[in-house]
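Chains here go by letter, A, B, C, D and E, matching the order in which they are written, and residues are numbered from 1 within each.
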Amino acid sequence: MNSEFTKTKEVSIRSLIDENQRGNSLRRKTERLIPIGLMLLASLSILTTLGIIWTLLSETVEFFKRVPFLDFFTGTILKPLSQNPEFGVLPLLMGTVTSSLIAMVVAAPIGLMAAIYLSEYASLKVRKVVKPLLELLAGVPTIVYGFFAFTFVTPILRELIPSLQATNILSPGIVMGVMIIPMIASLSEDAMSSVPNAMREGAYGLGSTKLEVTRRVVIPAALSGIISSFVLGISRAIGETMIVTIASGSTKNFTFDITQSMQTMTAYIVEVTGGDAATGSTVYYSLYAVAMTLFVFTLIMNLLARSVSKKFREEY
Amino acid sequence: MTVLKERIKENSFSVVRNENWTKPIYETNGLNLWYGTSHALKNIELSINEREVTAIIGPSGCGKSTFLKTLNRMVETAADVTISGNVTFKGNNILGKSMPVEILRSKVGMVFQKPNPFPKSIFENVAYGPKVHGIRNKAMLEMIVEESLKKAALWDEVKDRLHKSAYSLSGGQQQRLCIARCLAIDPEVILMDEPTSALDPVSTHKIEELIRSIKNDVTIAIVTHNMQQAARISDRTAFFLNGEIIEHNQTSTIFNNPADPLTDDYVNGRFG
Amino acid sequence: MTVLKERIKENSFSVVRNENWTKPIYETNGLNLWYGTSHALKNIELSINEREVTAIIGPSGCGKSTFLKTLNRMVETAADVTISGNVTFKGNNILGKSMPVEILRSKVGMVFQKPNPFPKSIFENVAYGPKVHGIRNKAMLEMIVEESLKKAALWDEVKDRLHKSAYSLSGGQQQRLCIARCLAIDPEVILMDEPTSALDPVSTHKIEELIRSIKNDVTIAIVTHNMQQAARISDRTAFFLNGEIIEHNQTSTIFNNPADPLTDDYVNGRFG
Amino acid sequence: MHMQTEQIRLRHMKTRLLLNQISKFIFMLSAFFGLFFLAVLLVRVVTEGIGSINFGFLTGKLSTQPERAGIMGAILGTFWLMLVVAPVTMFVGVGTAIYLEMYAKKGKLVSFIQTNISNLAGVPSIVYGILGLTVFVRTLNLGNIVLAGGLTMSLLILPIVIVASQEAIRAIPFHLSEASYGVGATKWQTIQRIILPAALPGILTGAILSLSRAIGETAPLVVIGIPALLIPFPGSIMDRFTVLPMQIYYWTLDASLVSEYANLAAATIIVLLVTLFILNATAIIVRNKFQRVF
Amino acid sequence: GTESDDTKKDDSAASKTPENNTAAAQETETEDLEGSVVIDGSGTVYPLMARLAEEYMINEQEGVSVEVSRAGTSAGFKKFLVENGTDFNDASRQIKDEEAAEADKLGIEVKELKVALDGLTFVINKDNDWANEMTPEQLVSIFLADGNVEKWSDINPEWPDEKINAMGPNENHGTYEFFYEKILDKQDMNSNVNLQQEYSTLVNLVAEDKNGIAFFGFGYYVNNQEKLQAVGVDFGNGPVEPALDTIAEDGAYADFTRPVFTYLNVNHAKEKPQVRDYAIYVMNNINKFAGETGFAPIPETEVQEVISFLEGLK
């Protein structure tokens, strides 16, 4: 290519670009529409929230017209379908809280220790194998866990605890805990691995063992992240449906006895929607009141987890 | 490099000829290091003398930090690291199983480029080392903290707020706090990885002063990208390039009369 | 600073006295910039002359990159940036609404510290700019790519693998590719932010050669932390500290006879 | 001081090292506990169900006779459901992510939307079921058809897709965008030509993983009232349908009526798990194949 | 052992008549039908109706698609009593007055088809060797709010001094409704009774609990005979085990027997040949499959009556 040719071409590149740019004002205008379109898509998520709240709220209001607010939240007896129905939500709350607590007793220590192992101890190779496998555990559908709790874990537990009923809250609680382990492990691991390495190096440099670095530096620094993973775990347990539905039966017991069948809020919703509850009946509305309670419960948990972990992110 | 090799050979017969030659506290021998398959340190032969300041210079990525971290085996905290060769600390090969890293590291402190205090109080930061090593006695701890902060020339600035968060200090103060934290476990060596590169001129000056004041007690190996700093504070300088030692000699020689043209190019800023 | 101010005053009367003085293509006037509440550029008064190489030096965090990115308004891509003052490019205030950033940026290319080719083929990387500016013609694109790669002294090394991924190139080649990518849209100015600091000596040398070879056609503003590099390739040098311009002058003056003692300290490595 | 600390140091070292070893072992056990459980679960399900898996089972219609029962209907139902969920969530999810990451000014609105999305991700799936029941099945009167179930599932996994897409977009180093802006490309050009192609593997991985969540999800469909029954194979999104997990649910419960149903449930679980495994493997392959080079 | 033999006998007996009728039906059916038949309703009746639908599609009309769902009796009626509603609604109870009124309003002519009989069965644990036989009064007293029975010994002093764990299906089920209305005579049920949504839960609970007793439809017992035993009920003439031959309208177990139904939208049957054809098929074969699914057959005369009604629709 001779320089003469190059020279003219050079000029034409520039002028071509300039020319195109002049004609591009239409393009720039249409570009301004893109964010508006995308914003509409983004607002869909807000619409979903509003939809949930509207759906739950309108029917819940109707429910509280029929059943006094206080009776609902202080009643220990739930007999929604009986001839003299009673709508105390406490048995359901009890079932929900108990099963979630059992789940956390299993998941919190195991999940945290697994996270410590993965974040602080495991070699890259081990981590590369174990993490996806744990993800796999998290990916097992809950219906499978339910089947497993009902047909396998309960019979085994009955060998150990003879008084255990065929449907009970203990077995689904434990299985739910196993289900939550990966979640807590992975969120806590995230929190721990986002502790700057510089901080670990500082501690190792002073002759600390791994355990000491973990205990005195990493965990304190990641504490809010870890706590928030626990709270999210609880929230997940509260909202879990199929495991308890299948393995804990539908007895509306208000009891502390974990060997017995208890019903959770979620299982109640399944029971009522699965049945013949006629639109307009109190039972039908109770569905929404329970769902609303469940929604508020998990919402509080999520907001709590968020604010805790936010605090932690601000630290560095 | 040849000079160095000869010297190491001489040294193995304990023939100390050079008048500036003090006892080597570290000696490396055929040290090679790989991150995965990438060869980060190539056949490093280097000795570090007791109670001297050794500066390590070289362009970015040449392996300065890697080498420094090999000296207290911190490099092993990275994933998939392979090391071969010998690194002896006071005659013991530290790469073997014989010495737990925790003991080695309690004798070899380390200061990093970015100050990295723990998210604890100033006091707790300095007391951390003694505590993990089993010192519980409160009076003793207080004494150690005070002494270390004094050595690090930080005591006067923080003595009224020992229990405030370390993050309330300025960058330069934080760096001196990190040095104090090292000093609290009474190390024999302090490794410093670009300790002033994130600091302002005044803080830099203070740290350089500090190095001068403690070098009678501890051996110091310092990585710096600031050639003038190396010239100012070090007794010897090692020039790294692409994971190799190009030249290692007295600082004045390296800067004024380097043997290798690459060294000359580098210290005169023709690359890097 | 006083020197500079005087000069700007002179310049505003278009009195060109200095024999090296060419037409300023950029002029900034009372330029201030905040990231959120942190004041990153303070009252910058600086002009950049056409077909000259202006080096910008200063310690880490002093605002060099920020200033450079203000020149093509790239700085606005960061969140929460406030700018006041004037920056004129060929007489037009670029901070106003009058000129769309896309047009400005098509005239002002930028090269970054880390080579940042797109995850596309070598060809597509160079052709990207012309394409987004609406050039579709294949033959034309091919010509532009070839020409740009030639100017960037990369053609011979890559002509046989134009359609391989840009990541298959070495760091230095990638950086030249990024320069070729700039050249492909025929810019009037190229801003370079530490273009060689991640490169080896040979690549650094090549890029410096390249800068020398294109400076007859384009104006270049280059940030560097390598003082010798600034001395080697630039016509003028501006020294930044804490967001302020401490001194701006002919390169030889800055290095040999600085007006400000801080400049002296910095270029002689007493801090930073 | 020196001597003293030195002695204390050595005295403690043994205990400290021992403690470190012990705790490492315990931590490791914890990490492997979940995997052990997974293994037991798989062995149990496979031994119970593998005998029922054969060609007839995979391609047959549902039947009350265990030896005749097949799950083609549920497989097709799952397929049609995905045909609704995948495009809807991809379109809305990626659009939302682009808006949040690239356009929205970081401020109150964005953090509100962001909070909202992360809260939606925490809303129990059964609540989405109630939403779907009320809005799609009853108010829009769609009935128990694929479209209603699909839209419900889409809402359910949308937050996951959004967050995954956001992460994928955020993971594209800013210097690539910078390079594009630097040659004068507009924002949309940069998104279209640089960011989306580079983020695609990440987005796809997230989308596939959330699809597999949708495939295994049961509770919302139970609430919507999806039957696992004698219905013709679904042929479009307007048909009634059932899905694999619903089939498992009913067969688990009906095992008291016909005990072989327990085996059919286990067999269906195997099919479901294999499907999910294939999807997950695809996601991992996508992730590794397009491993980030930048 | 004996019961299952009975079952088989009954089966083969019942299967005779349908064969003749099928032959008769085939005459009228000259062309191949197509289209769909949509059935919803009771979950109790579902196994029977689903079975018939399958057989119909395999053996009779491949072109017709019979869809069977089980939303529940009431929910099913809601889908049945609308314009273009379902063709059949299975019901474990009779249509209610309001529902019938709704049908009138919409102009839907509804025909009740009684399809089978179900025997309310009380089951106890296999290890329970005392309560194998009880009177209806004793059984009722266990479930009544004021039955004053908590322990087995409250019923019979010789029986163990242990707490009875009474259970049953919950109010969602037609079975509960029948039990409450017909057996308990609408007296309050003991609040200790463990009411469950799922029959599988009940089966497991009783199978594992020596002191458990539960009631549900005969079908759930037949399919779990290896886990449970049925209580023989002494209606006055000695204990009667529920079985396909005792559960009949004039059988020995009649007092605990209830009919189950499917309701036909007659308008649809007139408009759509496949609906009418299917209805006739159901009636012709109903007794053949009832036994298999745990229901007792209905009298042949009733079947014939309905068939002639259906054949009259054209």
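Brief remarks on what is shown
In this text, contacts are C-beta pairs under 8 Å (C-beta built on N, C-alpha and C of every residue); 3 or more make two chains touch, one makes a residue touch a chain.
Keep in mind it's a predicted model, so treat the numbers as computed, not measured.
Minimum number of contact steps separating chain C from chain E: 2.
With steps allowed only between chains in touch, the distance from chain B over to chain E comes to 2.
When you average the Cα atoms of each chain and compare centres, the chain farthest from chain B turns out to be E.
Between A-D and D-E, more C-beta contact pairs join the chains of A-D. The centroid of the Cα atoms in chain C and the matching centroid in chain D are 47 Å apart.
Rounded to whole angstrom, the centroid-to-centroid distance between chain A and chain E, based on C-alpha atoms, equals 42 Å.
Annotation for chain A: residues touching 2 or more other chains are 28, 207, 209, 212, 274. Counting partners per residue, chain E has 71, 75, 198, 204 as the residues that reach two or more other chains.
Among all residues of chain C, those that touch two or more other chains are 102-103, 106, 133, 184-185.
Two chains count as a pair here when they touch; such pairs are A-B, A-C, A-D, A-E, B-C, B-D, C-D, D-E.
Those residues of chain C that touch chain B in the shared complex are 59-61, 196-198, 200-201, 204-205, 226-229, 231, 265, 268-272.
Residues of chain B that touch chain A in their complex: 72, 74, 77, 79-80, 101-110, 112, 114, 116-120, 128-129, 132-133, 178, 181-182, 185.
Listing the residues of chain D that touch chain C in their complex gives 106, 173-186, 189, 193-194, 197-198, 293-294. The part of chain A that touches chain D in the complex is made up of residues 27-28, 31, 34-35, 37-39, 41-46, 48-49, 51-52, 55-56, 59, 109-114, 116-118, 120-122, 130, 132-137, 139-148, 150-152, 178, 181-182, 185, 207, 209-212, 232, 235-236, 238-242, 245-246, 266, 269-270, 273-274, 287-288, 291, 294-295, 298-299, 301-303, 305-306. Within the complex formed with chain A, the residues of chain D that make contact are 9, 16-17, 19-20, 23-24, 26-35, 37-38, 40-41, 44-45, 48, 91-92, 95-96, 98-100, 103-104, 112-113, 115-120, 122-131, 133-135, 155, 158-159, 162, 186-188, 209, 212-213, 215-219, 222-223, 225, 245, 248-249, 252-253, 262, 265-266, 269, 272-273, 276-277, 280, 284.
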